[in-house]
Structures are given as C-alpha cells and as structure tokens.
Amino acid sequence: MRFSDLISVLKTSDSQLLSYDLGSDPQLLKGASLDQAEKNQISFLEQGNSLASELLTSEAGAILLPANNELRLIAEQKQLAWAIVKDPRLAFAETLELLHPPKLPTKGIHPTAVISADVSIGNDVSIGANVSIGARSKIGAGSHIHPGVVIYEDVLIGEENEIHANSVIHPNTCTGKKCVINSNAVIGSEGFGFVPTTQGWRKMPQTGYVELEEGVEIGSCSTIDRPCVGKTKIGAGTKIDNLVQIGHGVKTGKSCALAAQVGIAGGAKLGDGVILAGQVGVANRAVVGDRAIASSKSGIHKDIPPGEVVSGFPAIPNRLWLRCSATFNKLPEIAKSLRDLKKELSL
Amino acid sequence: MRFSDLISVLKTSDSQLLSYDLGSDPQLLKGASLDQAEKNQISFLEQGNSLASELLTSEAGAILLPANNELRLIAEQKQLAWAIVKDPRLAFAETLELLHPPKLPTKGIHPTAVISADVSIGNDVSIGANVSIGARSKIGAGSHIHPGVVIYEDVLIGEENEIHANSVIHPNTCTGKKCVINSNAVIGSEGFGFVPTTQGWRKMPQTGYVELEEGVEIGSCSTIDRPCVGKTKIGAGTKIDNLVQIGHGVKTGKSCALAAQVGIAGGAKLGDGVILAGQVGVANRAVVGDRAIASSKSGIHKDIPPGEVVSGFPAIPNRLWLRCSATFNKLPEIAKSLRDLKKELSL
Amino acid sequence: MRFSDLISVLKTSDSQLLSYDLGSDPQLLKGASLDQAEKNQISFLEQGNSLASELLTSEAGAILLPANNELRLIAEQKQLAWAIVKDPRLAFAETLELLHPPKLPTKGIHPTAVISADVSIGNDVSIGANVSIGARSKIGAGSHIHPGVVIYEDVLIGEENEIHANSVIHPNTCTGKKCVINSNAVIGSEGFGFVPTTQGWRKMPQTGYVELEEGVEIGSCSTIDRPCVGKTKIGAGTKIDNLVQIGHGVKTGKSCALAAQVGIAGGAKLGDGVILAGQVGVANRAVVGDRAIASSKSGIHKDIPPGEVVSGFPAIPNRLWLRCSATFNKLPEIAKSLRDLKKELSL
C-alpha cells in the first residue's frame, strides 16, 4: 500500500493522527524495526525509545512518530514520509494489519476430519485435516479449527474462534466469541485433585468445566484445568501467553495479561486488568486485586490489594523489594561490619 | 440419586459414616461448593473450612459434615439431609463418583487409527480417531487411547490405562496398570544429554527408557525424559500435575505428588510420599527423603532428609526460611540501624 | 559388537585412546551405569566420578576410564576389558552410537498424510501417519516427519531434520540442516504482543518468523515465538531442553544450552556458548554475553558480561550470591545480635 492509504486509515483511528508529511508517498511492503528497515518498509518510534538515535541513519521509507519535535525535524530533513500520532504503537499495529491481512484457512470441512454425527457446525467454518470432534459439540459460525485439533464431546466453541493445530479441548468447555487457542494448548483437562488415604492418593472427580469469555487468547502449550465442581473462568479480553498453568477453579477478571510460564494454583482469583510477568506463581486461593502487577518470578502467597505492584518471593511491594534486594547483595559486608563492631566494643 | 442411596454406599466406605439424617431424602444431581449449591446439589465441609459460615444461608439440598456439633445443629435446624463422616473430603469424592460415573469411550478401534500389523491389543480397548501405534507395541486390556495419540514402536501400555488426546509415547516406554496420561504429555522423549567438544555439543545417545508403575498419573503437557542408560522410573501411585519436567534417569518413590511446573533435573531421586508444590526445582542427582515436602518455588540443591519441610532457594528448613524471609523484608532498616549505631559510636 | 571393534573406532576418535587391554574381548550388547552393568555391558568413569568406588564390585564386562592409575590397576586385577581415553564421556557417547544405531522410520509418505499439492519434498524423506503440510512448504532431503506433525504453509524444513510426533511448525519458519524438533514442541507461534487501549488489549500483528540454524535441537513442549517484525533466531548448534519458552524476537548465539523450563522474554539476546540452567528467566531485551552461565532459577534482569557466572534473583555474580545466600540463612541471628548490641549500649 501507499503511505497515503495508511494516512487515510489513521485519520479515523484511535491512535490519533496529529500531523504528517507524505514525502514521496512510498509504496510500503512490510513493517520493520528502525535499525533493520529498508526503503519499502515502515517503522515506528515511541517517546523514550532507545532506537531513536537510529532515525538519522535508518533506511526506512516511512516512520510513525510520537509528538516530538526533534524526531520530526530529523524526519523532515531526511524527506521521509512521516506521521505523528498520539499512540505510535497502536498506529503500528493498525499498519501491520493493513499490510498483512490475516490469511484465513479455506472454508469447509477437510475430508479427513472425524466429526460425530450430532455435532453442530455454524456457517463459514473451516475444519482442518485430521481434526476430531466429539458428540454433541458445537462450532460457532466463522470459526477456524486447524489440523490435528481434538475437541471432546459436549464442547461449545463460540463464533469466530481460531483454534490452532494439535490443541485439545475437553468436555463441557465453552468459549465466547473471538477466542484464540494456540497450538498444543489444553483446555478443560482435569484439575489436580486427590484425597490422601491410607492406600495413597484417591482421585477427586473433576466434574466442573472451563469457560473462556469473549476475546480470550490462550498461548501454545498452556493448560487450563477444570475444577471438582463449578467452573474455571477466564474473563473477557484476558490474554495468556505460552506454557501457563491455570489451576482448577481459578477465576480471572477481564483484560488481564499473564506472561509465559505463569502458574496459578487452584481457587485463586484475579481481578480485572491484572498483569503477571513471566514465571510468576500465585498460591491456592490467593486473591489478586484489580490492576495489580507482579514482576517476573514473583511468588504471590496471600491477597494483594488493587493497584499494588509486587515483586519477590514471597511477594512484597515492589519499592520495598527493590531496596531489600539491593541490601541483600551487601549482606556479607553487613554481617562483617556487625562482627567488627562487637569486637571493637569487646562484647 | 437419592441421598439414601448415597448413605447406603457411605455405610461401607473408608470415609467412616458416624451419623446422618435423611431429611426429605432429596434427589441429588450434582456436587457444588457450599456457596454455589442449589437444592438438588450436595456439598461438603471439612473441619476448619472457611466456608463454614455459609452453611446458614446455603441452599444445598444435602451436606457432608465433619464431626462438629455446631455444624450439625445448623443442618438440623435447616432440616437438611446431612451425614457426619470422619473424612468428608473422601466422602465427597465417593459422592461425585456416584453422580458422575466415568463416560468411557466406545470400545473398538476407529477406522482412521493407523496401527502397525504386529501391534498387540487386549480386550475391551478403545482406540480413537487418528491414533498412530508403532511396530511391536502392546496395548493392555481395558485401555482407552484418545484421538490423536502417537505411540511409537516397542511401547508397552498396561491394562486399564487412559491416554488422553495428542499425547506422545516414545519407544520402549512401559506403563503399569491404571495409569493416566493427560493430553499433550510426552513420555519417553530423549534426555537432554550432550557432551561438550571443541566442535560444540555432541549428543549422548539416550538409549534408556521410561517406566511408569501402577496408578501413575501424568499431567497435560508434562514431559518425562528417558536416560542415556537404564531407566527413568515413576513409582506406583505417584501423581504429576501439568507442565512438569522429569529429567533423564530420575527415580521417584511411591505416592509422590508433584504440582504444576515442577522441574526435576537428571538423576535426582525422590523417596516415597514426597510432595513438591508448584514451580519447585530439584537439582541434578539431589536425593529427597521419604515424605519430605517442598513449598512452592523452592530450589532443592542438595539432599533433603526424610520428613523435612523445606522452602526457599536454595531450599532450607521451612521454619528457618519463614523467619529469614520476614527479616529480609526489614533489611533496609537493619542496615540503617547498623549505620546509625556506628555513627553514634563515632567508629 | 566385540570390545575390539570398539577399540578400532576409538583409535581415530576425538576422545583420544591412550591405552587399552582387550581382556577376553567381550561381546557388548549395551551401555549401563557402573553400579547396574552386567557382563555384556560397558560402562565408563570420569575423573572424580562418585561411582569410582563401584569399580571393584561392578559386573560390567568392559569399562572406559580416565587416565587414572588406581582405576587402571583395579581394571587389570579384575581382568576387565578396559580402555583409557582422554575424554571417557565422549568415548561412551561414541560407544552407544555404535551399539544403538539410530532406527530411522521407513522412507516414503504415509497414505494418511495430508500434503498440499505445491509442497516440495526432497529425496529420502519419511512422512508419518496423519501428518499435515500446508501450501508452498518444503521438506529437505533426508528429513523425518513423525506422525501427527502439523506444518503450516510457507515453512522451509532443512535437510536431515527430525521432527517428532505432534509438534507444530507455524508459517514462514525455516530450519537449517540436521535440526531436531521434539514431540509437541511449537515453533513459530505468534509472539505475545498486545497494545493497551481503552477497550482492552489489542493484538499487535506478529508478522515475523522463526529461524533455527543448523544443528539446533528443541525440546518437547517447548515454544519458540515469532516476533512482530523481523525474526526470532536460534544460533547454530544451540540445544534447548523441554518446556522452554523463547519469546518474540529473541536471538541466541551458537552452541548455547538452555535447560528445561527456561523462559526468555521478548527481544533478549544471548551470545555464543551461553548456558542457562533449569527454570532460569531472562527479562525483555537483556543481553547475555558469550559463554556466560546462569545457575538454576536465576532471574536475569539486566545485561550480563561475557564469561560471567550468575545466580539468584535478580541475578548477581555467583560467588557473591553464594556468600549472600549463606548470610541470608543467618538473618534472624544477625537481627537479634544487632538488637542485643543496641540494648547493651542502652541506645
């Protein structure tokens, strides 16, 4: 597309176009980072971005900029095509969507798919090779089921879902509209519930189910367990990265973001907008308030108030943790200093 | 079922029925937590359960209680159907089994399954769509192989196993009776063994195999590696949650419980009844004694004596760790206090 | 094979044969650890190996030894077949390769594989049951694609790759020669990139791809994400264990080794020969220098210089961390000692 085509779109976008110069109105083929971009490529900078110094030497054909006069002057001197927007990252997302419209699989059901006779399939669905769908399941209109997916019986897949290859959906799972389940994820597997007896562990039947609300995305090789009774629920718009474990009966609010290798133990509750960085753990039944944030590798053992930023293990407020960690690195000195002091005082 | 049907079963159960009142002998359709239960649903309480206060307002039709007169009085006042048992959690597990008898897949071999000519298949086996089974493997009587499972050659699956969708079993793996392998798990993959050479890493052939003893359960997306020589062995009745890594040559005892995202490095040994909470790591060749417990995120670097409860990283006895962690949060104060003291003494 | 056959091979091997005695030139069937070995089995010892004391009582038929006179004398007294080599571990790897030549799948395409018409397939390829390969993908000569693998469109698989069962390769991924992708791994899945908006998280299109250079190996259930723009690159000869997450746009150097459950966040860079032990995390955009090593569970938050050995969270130099950790375990004593001192001085 031409840069001018992009400008037409940005004029009505939430990214808020503030000013622009079409330059030579270059033909754009793809996006690239500023240090890698070539002449038919477009890049972006955010306020404070460490790549800003690359703008002078970049060969990008076009650039999306924040409201920053210095950057604008460089772009003008280089006679680049440029646009200043309030949210360059959002504008870049829109740009990439225009450059790379999603390639949808061919509609229809591949002849090798094995689908129970009583499965209900909406309009405009694609079902790939070697998919298996169990009795009484329903696939909402416009959904794409990639090759090798196994959907057990009594599953409800909402409209416009995308379910990637070789993922597995267990009985009674239901998903809202526009969910994405990435490759090799497992949804609705039985929770890890066992009763200790004198003869060893006895399985607690896991009779509940998993609900993904609208717009939920689940990463590759992530696992969402169903509970003993009731449901495990992932709130609308929540995004979950790869290799994440969601235990039985967990409830998350809306628009949470859980990075890779997070583990949430059974019965824990997250509010809306919670952000958990990589490898964070949340203990059984802990309650994490709305918009709380945990930095990577935190271990949350007890309730966290809304808006709190926590770190460490057990997790404490981030500011305190930063100071404690800094002091931890001086522990040998502190211990020696105390010993010396006692010696000097002959105590 | 009627509550009276349940009472008949509990009379001979290990959960030890102590007393009961049939009330209106309600029809029970499913189990539920006390705060969610409706009138055709049954719930349970354990001694000290935080939901006990909900009993007064619960709409559950029936309840399993511990030996607690206060709870009993409330149940009597509400004219609930109730039973007092020594182990309410076990009784609830039995109740759910009665309410939800396992739905077994249809026996027989799906026509799309690809099975080598010399595979041996026991009686009453079900093999789902698109399963692949390699040469010389054996499937024990009464086992269920769900769709998409790949069993390589020379695998021995015991009797009454359940192997969930899209999991993969590598050559020479053998499983005991009544094992469960959950979806997308990988059993018998090659251990991570490489020899450093001047030309880079050279693979150490992994010629061993994995043995799961009777009653072992492996979680979704968990991986159990085979060793260079000998075997990796998971002891009878051991339960392993999702996304767990078991390295090459690990041996676990009987009735261990390993929570999600635990990682056990090559050659480590766990005794009987070891419990590892979520995200625990065990280092190469470490030996963890019988009935030792590690709390979540612990890092076990050296041998742990039997019965010990450990925490932290590197793991130390839990009681010590609790005190050290509490002091860690006061490190900035401690450092300041020491500085002030030295200043005051003009040292 | 006979021990003498092995000696013939070792004579030209990099493991550097120094001396040997054929003994009774035993027939060797397999390798075993010294404490498990039987008479038709061969074992090895390295300098300082804790199993050395087992040599006296071992029933192994043959043994590979380091240059150690004491061990040699024992082997001679026992009239074992023995060889002294400079690198016994490497020699043992060669021995196992001779005893267990890789069993390659039958060449050819299984009739149940679903392969787009425009896929290009090299010579001597095997493609297993229920494999799915998308449009325009290419499979290099001598590669083995095991059952259930899903390869999306526009994928380039190099020569002599082995791709294990049920793994998934997303569009535009390319792999070098002799790569190994283990079971249920996911390569080229979309990076976890979302833009915060007032309506929640908006997906940043992930238009990049993943490149695995020659000789890369990826563990079971590991996930390698593609980036928004550009590529995620795993350098030649790098070995990645199970359940590892590689975020969008990560670059690793050559011959790195990443143990199980490592997580590397988006944009991080590893130099050549970096070793990360189990459950290590590397933060967004961190740069880890050549040959740096991180011990298990480390959390790398900032750049690490070449050759550094780090531990802890946040990661600090290993030697410092060992001293700090040791002092951490004495924190309650230190705090008490300080309190007592102040009391005694009546401050």
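Every chain is named by a letter (A, B and C) in the order it is written, and numbering of its residues begins at 1.
In this section, contacts are C-beta pairs under 8 Å (C-beta built on N, C-alpha and C of every residue); 3 or more make two chains touch, one makes a residue touch a chain.
Just so we're clear, the structure is a prediction, and the values are computed from it rather than from any experiment.
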Same or different contact residues where chain C meets its copy chain A, judged by the half mark
different
Rotation, 0 to 180 degrees and nearest 5, that superposes chain B on copy chain C via CA atoms:
120
Give, as an integer number of Å, the spacing between the C-alpha centres of chain C and chain A.
27
Out of chain C, which residues touch more than one other chain, so two or more?
112, 130, 148, 166, 184, 221, 243, 261, 279, 313, 328, 331, 334, 338, 341, 345
Under the definition above, what is the set of chain B residues touching chain A in their complex?
14, 30-33, 36, 87, 89-90, 92-93, 96-97, 99-100, 103, 110, 112, 128-130, 146-148, 164-166, 182-184, 215, 217, 219-221, 236-237, 239, 241-243, 254-255, 257, 259-261, 278-279, 296-297, 313, 325, 328-329, 331-332, 334-335, 338, 341-342, 345, 347
Chain C partner contacts - residues on chain B that touch it in the complex:
112, 114, 130, 132, 148, 150, 152-153, 166-168, 170-171, 184, 186, 189-190, 192, 194-195, 197-198, 200-205, 207, 221-223, 225, 228-230, 243, 245, 247, 261, 263, 265, 279, 281, 283, 299, 301, 313-314, 316, 320, 323-324, 327-328, 330-331, 334, 337-338, 341, 344-345
